Amino acid sequence: MNTSFLNELLTAVAERGRALIEPRRERRAATRTLPALITALLSERGEASGAAIAADILATYLGLDAEGRAGAFRVMRDQLGADAEALRVAAQAYLDTPYDTAAGDLHDAATPRRLELLRRLNLAPGGTRALVDMRADLLAELAADRSLAGVDRDFERLFDVWFNRGFLVLRRIDWSSPASVLSQIIAYEAVHEIHDWDDLRRRIDPPDRRCYAFFHPALVDEPLIFVEVALTRDIPGAIAPILAATREPVPPAEATTAVFYSISNCQVGLRGVSFGSFLLKQVVEELARDLPGLKSFVTLSPVPGFAAWLAGVAADADHPLTATAAQAAAALAEPDWHLGPEAAGLGKTVLPLAAHYFLRERSRSGRPLDAVARFHLGNGARLERLDWLADPTPKGLEQSHGLMVNYIYERSEIEANHEAYAHSGKVAATPAVSRLLRALPSIQPAA
Amino acid sequence: MNTSFLNELLTAVAERGRALIEPRRERRAATRTLPALITALLSERGEASGAAIAADILATYLGLDAEGRAGAFRVMRDQLGADAEALRVAAQAYLDTPYDTAAGDLHDAATPRRLELLRRLNLAPGGTRALVDMRADLLAELAADRSLAGVDRDFERLFDVWFNRGFLVLRRIDWSSPASVLSQIIAYEAVHEIHDWDDLRRRIDPPDRRCYAFFHPALVDEPLIFVEVALTRDIPGAIAPILAATREPVPPAEATTAVFYSISNCQVGLRGVSFGSFLLKQVVEELARDLPGLKSFVTLSPVPGFAAWLAGVAADADHPLTATAAQAAAALAEPDWHLGPEAAGLGKTVLPLAAHYFLRERSRSGRPLDAVARFHLGNGARLERLDWLADPTPKGLEQSHGLMVNYIYERSEIEANHEAYAHSGKVAATPAVSRLLRALPSIQPAA
Amino acid sequence: MNTSFLNELLTAVAERGRALIEPRRERRAATRTLPALITALLSERGEASGAAIAADILATYLGLDAEGRAGAFRVMRDQLGADAEALRVAAQAYLDTPYDTAAGDLHDAATPRRLELLRRLNLAPGGTRALVDMRADLLAELAADRSLAGVDRDFERLFDVWFNRGFLVLRRIDWSSPASVLSQIIAYEAVHEIHDWDDLRRRIDPPDRRCYAFFHPALVDEPLIFVEVALTRDIPGAIAPILAATREPVPPAEATTAVFYSISNCQVGLRGVSFGSFLLKQVVEELARDLPGLKSFVTLSPVPGFAAWLAGVAADADHPLTATAAQAAAALAEPDWHLGPEAAGLGKTVLPLAAHYFLRERSRSGRPLDAVARFHLGNGARLERLDWLADPTPKGLEQSHGLMVNYIYERSEIEANHEAYAHSGKVAATPAVSRLLRALPSIQPAA
Amino acid sequence: MNTSFLNELLTAVAERGRALIEPRRERRAATRTLPALITALLSERGEASGAAIAADILATYLGLDAEGRAGAFRVMRDQLGADAEALRVAAQAYLDTPYDTAAGDLHDAATPRRLELLRRLNLAPGGTRALVDMRADLLAELAADRSLAGVDRDFERLFDVWFNRGFLVLRRIDWSSPASVLSQIIAYEAVHEIHDWDDLRRRIDPPDRRCYAFFHPALVDEPLIFVEVALTRDIPGAIAPILAATREPVPPAEATTAVFYSISNCQVGLRGVSFGSFLLKQVVEELARDLPGLKSFVTLSPVPGFAAWLAGVAADADHPLTATAAQAAAALAEPDWHLGPEAAGLGKTVLPLAAHYFLRERSRSGRPLDAVARFHLGNGARLERLDWLADPTPKGLEQSHGLMVNYIYERSEIEANHEAYAHSGKVAATPAVSRLLRALPSIQPAA
């Protein structure tokens, strides 16, 4: 299929997306204030100059300091909500005659004007980019001022529609990708830091490495989320060999296993619009098609909540595992314990506790305590193996006493795992993981 | 600026967009019924298999006949609206405490579940295309069954967000465009029919012709709307010389005038999502940049409602122009009147009536009667000239007694014209047009 | 692998290639005559203005009529050969001391200056296109004036290097290809005429049709050679079912056979630079990769020399098959013989003669008489089957009495077939073809 | 103009170009030796398997060590020259009848078989890349073994035709270019070293920086030559401010001057195929079109031969400027002289000597002594200004005592300057430069 006309066609989207909204001082002075501009943008019944006004608003916004921006959000909150009187009438009308039309009218009346504002701001070149950045500002402000939650809700609502996963594009990132994209991979890697360009090249250029990201046509140079993959001969039990600067690459044709060892979000402003599960599934499909020799798709994942949990249990006299946990915690508190001769043996004590952490502990909403676990189990993965002494970096030791785990994506069971997890919170795990529980004192499941 | 990574990146969007939803019989038999599939798509809390279920639903839908499809819309109407009880509670809550949060909750409660269904259906490859086609089906059904209006309202609501003009791309269409795109130009030309590929080539290939269309990244081979442009040395007073098979092209550098002589929508399913005004403005910018010699941007437009209006006036004894109109109508009722020696002279009688039709007659909503006039005046254009005997084709004679008009887009006055029209219904017209009114019996303006 | 930077990079090649050399009258008047311009282009030691002079020369050339162009070729012949004196000296020097350096110097001295001229003309935008067209002019002139053969030899020599098959690109042609490319497919189809755009669409758009062409980066919109392919369930024995306007497409997954039923060259000016064998081999690879279900790659080919040969034998009293041939020729001379009841039966007489034509008759250079046979056999194909009554169009009846044949490309034997043919002229054929010879009177092989 | 089909079309060229020839050990063992493979590639009359054999040869070559490769070149020299006997006959034939046909035959006979070998090797995917690398090997070997000069001459001859400037593409390099391309810019910068990726970004990303390179379609990721440009408000007199890590960028709209401050070749294997002059001319055109505010196009160039020349004159008792030169050389021999208070004043002595160096000194072939001067003057530039203390880096001090110069490209005089230089060796210089000579003892011009 020729995809060429599109290339060019879509290049134009790209150029729109790349356009810069320049702060106001570098443009002709806007003759209207921000509120006047907003009124103008919303009131024009036609759109004689919508794009120009939108660009003026965004440039004015960019020229504001943090306080000024917070002020803009308060304007959105106080003056650009739904029309209170119209909404009251529509609500009453629905209560009186609860038919489809009244529900539709009520939906319209409940739609805040700021939602229309955001949509019209997108007319400016580079508008989507500017709006995502604006939400990042808003989230920062929201931490201090919860009264902006309704404004944020509308941003998220809109982005949820705009960034519909049907519009996202999966692209491989490699050494022939633009430096502008690659510099963001360096900046946003959140799991295992990338130190410099040489380090980056080791992650994406060797034949046994892959990196994939989701992009949106209107944010052309900006990955939304990306995953780093290592092709290996076995399920790995530690991160260091994967990141090693000197290692012999595995010829792709000999690889049997694809290891997802890092997943990172890039856009703060898109918080709440989740792409991760979709990303992994598409990457599995892509890899399976390209490399028919791949048999396993696994993660090598951190356990970010484990150390904190263990400390909590050790300190909680009511917990049935207090004693075991306290003993383990004491051993793990020794300086450089992981370099000592007993380090490997400690696994015998810690791994059963970790199995308990994954399989039996539950949050109030009935989900596993570990955020990474919730992500992969929610996607339909299975907890495959606990890896002792897998990440002895300072961060790894601090968060999880060096523990990592493998989640496995078995295509034949993803749907069933996902449904069981979604409906009943069931954690899919291999028997080897479950068996670890036997080493613990007999207790009742916590959930 | 290198736009290349994007090319490839966006090619992937294109491929998603081009993917075909195949009717069900050609796929593995779906094991679930349409309602069961819809339930599944909406209920999956994660999205273990959203894309596959979405594809199943769309394929099942495609396999239905018209009656089956109407049934599907009724399911959307009856079972996928807002949750009535939740909406009632939220409406009451808002009436009780009309704060921002309650308004937000009410907005959520008023959002029909079918909106979420449509968004999830977009996960299927080719989903956007399929949904636009589905709306075209719905519009056909809606003509017979107005009770589906609420469903249609949700389609339009969603498309309005998805097809935000900030995401659209203007592309020139020429002889090196894909045949798949060009065949749609032939099919959708609604003003001056394109007879075959040779005729098409005459419209887009000569150096003094241009054609531009809007595209959306997710509908890659499908123009949304397009405009045909002729570059000329003067404002044209008739359509035939522009469409003539044999004519000497004007070297672009010598052209002073860009004539928009045809604007056509391509996507029935996007009715109500208007792109036209934005298209013309962008084309004016594009042409002005490419060809600095261009001084005027005008249309050569039909007057589709004129003949019917004239007949109405002639038959309406209460109308102040009855006599004049009746006299004109009689002359225009002669067979082949336009070929006779008095044809040119008839303009003296008819053009003042036409000026009245444009400048003084108003619909109940206070707008000009002519749909094409409303479009261009609403965009900020000015009525520049009435062209007598400009379109003596059967269609032209039938709709407007051969009359055409030029609207002019003067960049310096577009915004003012638009605002005057939007606020007070004022029709911008050159004095030459207004002066024609003097030939009429003195009357009071109709509006 | 990201191929995107390239897209853009190469778009620039495309634009160079698409640039038009405008005839002189539309440019500033060149102030120098053609010979003066040529002298200037060749003499500039640097290249302060090579591209501009080259463009002037090409534009001046384009402004010439046929006689003027012939004059330009005569200038190339008479004044732009090798420097006779320098060549004499170098030839003598080599004869005196036949070493590598002297041979290199002789090579330089023997290089005609027109070769350098052609290379410098390529500096003009659109230069490659213009030079290929210039050669087409030259070939027309050459038919009348053989003294230009040396000039033509240099064009061919240069094109042979420039159009090195390592630089060619195989592209699929389909309904999303540019109309500008497709219109050339219509124009250059040389085997089975394409009547209009609907006919073209039937050749390239259905799922069981493929079309591939070779392109060169500097001739971007211009296919060099293309092949049309039908995917079928069997080796076809006639052309009509393949070209039928109404037929049920074969789902590609069910196809077992790819039929090359038409191969056409597009560029007269590249005569002698053959791409055909390379094209077929690449298409076989491409199809085999895309459609693993394909088992056979065959042609359905005309036999353009058969009728003439048969007439010759029938009239040649010395030929051992005169009587048989004369009898067949008489039957085939009946008007509308192919519609009569004996048509099928005639095959019994004609096919053995055809087998003889392919397997035993040889040209003076020891090759088969049939040009199409020489092409496919030279590529390593095997003569698979003779198809009687396969092409009852007027052209088919006239050239080959309706006979067509299938050549088969068996990947495992291509190299061996090719070598046997190249070294000893051996024609690879299935036993079924060879067995047909038994029906003939016993004779000695002609070769 | 839609350039899109091309994008895709040309992407295929790119992929061919990017393909890797893998060393032999990683492929099926070639069953034939290198000489046998070469014989096979050259002897196949058709091309049943040309591409495969070519790939085998290149892979075998890549598997060789330096000695093995040298052996391959000797095979080319000894066994793949022109056929000596055929050449002798053709040379004699030409001497006997020196007509066009005989000259053509002689040209053919003088064409070494290794030229055909190189052309056929290009059939392998990635062949062009491999051949350019092979020439780099050859050049290294040639330094030790001049008998390979004839082989090298054929490589250059072929590359001269393949890399015809009509096939080259000028592309801007910026921060959205592929990292694979950018890493080569870092590697090949030959004038002012790029230290790391941050340094690179400072050269190509700020709005007042530009970088352009020539590419060839068959070498897709590999720049052939590139130039770095700074946009400034004045002609710069020193390099440090241009390379400074902290500086305020000049808004492009305010720039009046484009400064070419570094030109570097990337492909050793293309030595002798010069692109530089063409590159600068195209960049001037491109910049003039993009930035109409630019008035001057100048270089800031090193003077690599100046220090050596000065030392030579100081030591040459016969030179008319010995005394002046010796005095200057002594002052410049002081450690850290450029930091001392007399540094600026020294210019009064040194600059006249430099003017003499540029304007009056000539090589035996009558050209200026300085290689950089020959390049720019040969392109039609004018020597605009001598910049004292312009490059006080160790390299700058060593090569030119810190001197740099500006050459100016004045579009109106390029052709005249070039011709005067080409015909009579005239050095174009501003009067200010010439006037410096007055400070010197009166002498006769050296040329």
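Going by the order they are written in, the chains are A, B, C and D; count residues from 1 in each one.
Keep this in mind: a residue touches a chain if its C-beta (ideal position, glycine included) is under 8 Å from a C-beta of that chain, and two chains touch if they have at least 3 such contacts.
Only a predicted model underlies this, so the values are computations on that prediction, with no experimental measurement involved.
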When each step joins two chains that touch, the fewest steps from subunit A to subunit D total 1
Copies subunit B and subunit C touch; is their interface built from the same residue numbers (over half shared) or different ones? same
Using mean Cα positions as chain centres, tell me which chain lies farthest from subunit B. D
Rounded to the nearest Å, the gap between Cα centres of subunit A and subunit B is 39
List the centre-to-centre spacing of subunit B and subunit C in whole Å, with centres computed as mean CA coordinates. 48
Please compute the C-alpha centroid of subunit A, do the same for subunit C, then give the distance between them in whole Å. 56
Counting only residues that touch at least 2 other chains, which ones in subunit C make the list? 1-9, 11, 171, 176-178, 181, 221
In the complex formed with subunit C, which residues of subunit D make contact? 1-16, 18, 44-50, 77, 81-82, 84, 87-88, 91-92, 94-95, 98, 100-101, 103-104, 106-107, 110-112, 119, 122-124, 127-128, 147, 149-150, 153-154, 158, 161-162, 164-167, 169-171, 177-178, 181, 215, 217-218, 220-221, 277-278, 378-380, 414-415, 417-419, 421-422
Touching residues of subunit A toward subunit D in the complex: what are they? 2-9, 175-183, 196-197, 201, 221
